[in-house]
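The following pair of complexes shares a single chain, subunit A, combined with subunit B in the former and subunit C in the latter.
And now, the complex of A and B:
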């Protein structure tokens, strides 16, 4: 059996103001990537970027993005990502940058990594809760989530709810 | 996962900005950063070398590094932009306050001198202009033998497209000469949004003409050897260090090398810090 091989880049969008993340959508991210590739690698890059490039997943709350690139040229396309300084969406320019966390061959390995990563983030952020009540609230939110949604949603929701309390 | 370092964060007087830059660096996974003070002497009047602000005054609480439980380590670094040989004074007392010492030569002769004789850790390659001289094999090889590294900073490339051309052109011509050895990639970031993650920088090395392995070394192990090289500059061959004890000012202490760089296991030490250094 032969299959078409791709590389999935798990990237984190870092912004100075976290609330502006909610404005993002797939199309804005994909346009920003395409523009950056065309800027750095010219027509050749733009051509490569038009085959099978896709924004597979975007979590506007945590700023996690999955990008799919063809395996043959993903390094070339990846090298354009550091030159993205802002994403334009809904008439606004959001200054941000991509931080690549993981490169995977399948979307499944990326998901596994993301779950582990988000768990780590939770452990990092939990000590920043100021009172015991806050901590309890976070724990409750986590328990509620894991009952309803799938496994992955659960982790992302918990992450988000916790951030809300930090602010 | 190896230890990543970013040995160039520009110093700004704005404390809050600097703090957020360090926090972002910790979030991205850099476990050591250096705050860079640039000193550019001019011929007309005599200027003072900036003195470093102590780290604990700049940053109240050091953020914890991503994926580790240790707080980030912050160093001080001085960069001297040289246009004349009198600008670098060997053994100046002011240099001793800094952890790292870098020079940015602007002429061919100074580059040769910096590579072969000056007692520095880093030689910066200018990325904002066309290279004023060619890199020659002899001085570059001399620098590699002495354990001095070349630095290419990437944040100018992010800011502007013309700078990007200069950065890539200068970097590629450097890599041709030194074959990817003894190169570090650093940010020179002033704002938190000018930093990039370590894996992105590694991949950026591809554009600069580095191979996979060399690019990864440029953000990890070469940086560590720079920090260790800087420590040997202050101590006698990295074996004996003297410090003033608090009670008796004349008493000198002898510290074993394990105490001087206790973080690095002996086996992983860089190859450059042999006693002839």
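And now, the complex of A and C:
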């Protein structure tokens, strides 16, 4: 058996105001990527981008995006991502930039990486809790999440709750 | 080329062999316009080609370096020099250039060679008696 191969880019959307992330949807992100590719690589890039490109996953809370590109031309399309400076959604322009964290061949490897990455972030941020109480709150939030949602949601939520603590 | 060959051949003949791919390619192109009376300066021509590169390959394509070595305004024939890596990009964008100032046009690529000297003659235009 053979299969059509793709590359999945795990990107992080960096915005100045975190609450604006909630306005985003996958269509807005895909339109922004397509516009950037068309600008930097012209009709040729736009055509490559129209074949098998799509936004597989968008977490509006954490700003994590999975982009799927055809394997044959992902480097060319990837090179256009740094030129995105803003995403337009619902009549608003959100200034942001893409930070690529991981490139994977399957969604599964990207998911594994994301879980590891979020774990790492948690370990990095947990020591910055000022009081014992804060730490307990974070731990409690994690335990609550891991009981309800699936594994992956749990990790992402804990990442999120951690950030809430930070603020 | 061995030293023995050198002695046999006349001094003014020199054979050049490039072991690696040559750095540049040279193209002889001719612009055919619908309205034959249109004048086009060398600067206009280069600007026109760059606009074609930009529409097909975007800003990255427009940054491709190529030179207009020689241009004949009467026949609208030009010699272009381009990096070998950019040859396909330049050629394809020339092919897809279809209109100049709202009039149909076409680029005829007459000759392409890695050696400029090869463009001095064209075997397709040889008149054999």
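One rule holds in what follows: the second predicted complex is superposed on the first by the 167 of 167 C-alpha atoms of A that agree within 3 Å, B and C clash if a C-alpha of one lies under 4 Å from a C-alpha of the other, contacts with A are read in each partner's own complex, and residues count from 1 in each chain.
Everything that follows uses one rule, which is that a residue touches a chain if its C-beta (ideal position, glycine included) is under 8 Å from a C-beta of that chain, and two chains touch if they have at least 3 such contacts.
Small disclaimer: the values here were computed from a predicted structure and weren't measured.
**Q** With the two complexes overlaid on their shared chain, look at subunit A and say whether subunit B and subunit C clash or fit.
**A** fit
**Q** In the superposed arrangement, which partner chain does A:55 touch: subunit B (first), subunit C (second), both, or neither?
**A** neither
**Q** Give one of first, second, both or neither to describe whether A:43 is in contact with subunit B, with subunit C, with both, or with none.
**A** Touch partner of A:43: subunit C, not subunit B.
**Q** Considering only the touch criterion stated at the top, classify A:78 as touching first (subunit B), second (subunit C), both, or neither.
**A** Touch partner of A:78: subunit B, not subunit C.
**Q** Does subunit B (first) or subunit C (second) touch A:14, or do both, or does neither?
**A** A:14 contacts subunit B only, not subunit C.
**Q** Which one hits more subunit A residues, subunit B or subunit C?
**A** Higher number of touched subunit A residues: B.
**Q** In the combined three-chain arrangement, what's the angle at subunit A toward subunit B and subunit C (CA centres, steps of 10°)?
**A** Between the subunit B and subunit C centres, as viewed from subunit A, the angle is 60 degrees.
**Q** Quick one: is A:95 in contact with subunit B, with subunit C, with both, or with neither? Answer first, second, both or neither.
**A** first
**Q** Please work out how little space separates the C-alpha atoms of subunit B and subunit C at their nearest point after superposition, in whole Å.
**A** 5
**Q** Please write out, lowest number first, the residues of subunit A touched by both subunit B and subunit C across the two complexes.
**A** In subunit A, positions 39-40, 79 sit in both the subunit B and subunit C interfaces.
**Q** How about subunit A: which of its residues touch subunit B in the complex?
**A** Against subunit B, the touching part of subunit A is residues 12, 14, 16, 39-40, 75-76, 78-79, 81-83, 85, 95-101, 103, 120, 124.
**Q** Subunit A touches which residues of subunit B in the complex?
**A** 20, 24, 27-28, 64, 66-67, 154, 157-158, 161, 164, 192-193, 195-197, 199-201, 203-204, 206-207
**Q** In the complex of these two chains, what residues of subunit A are touching subunit C?
**A** Of all residues in subunit A, those touching subunit C are 38-45, 79.
**Q** Write out the stretch or stretches of subunit C touching subunit A in their complex.
**A** Residues 54-61.
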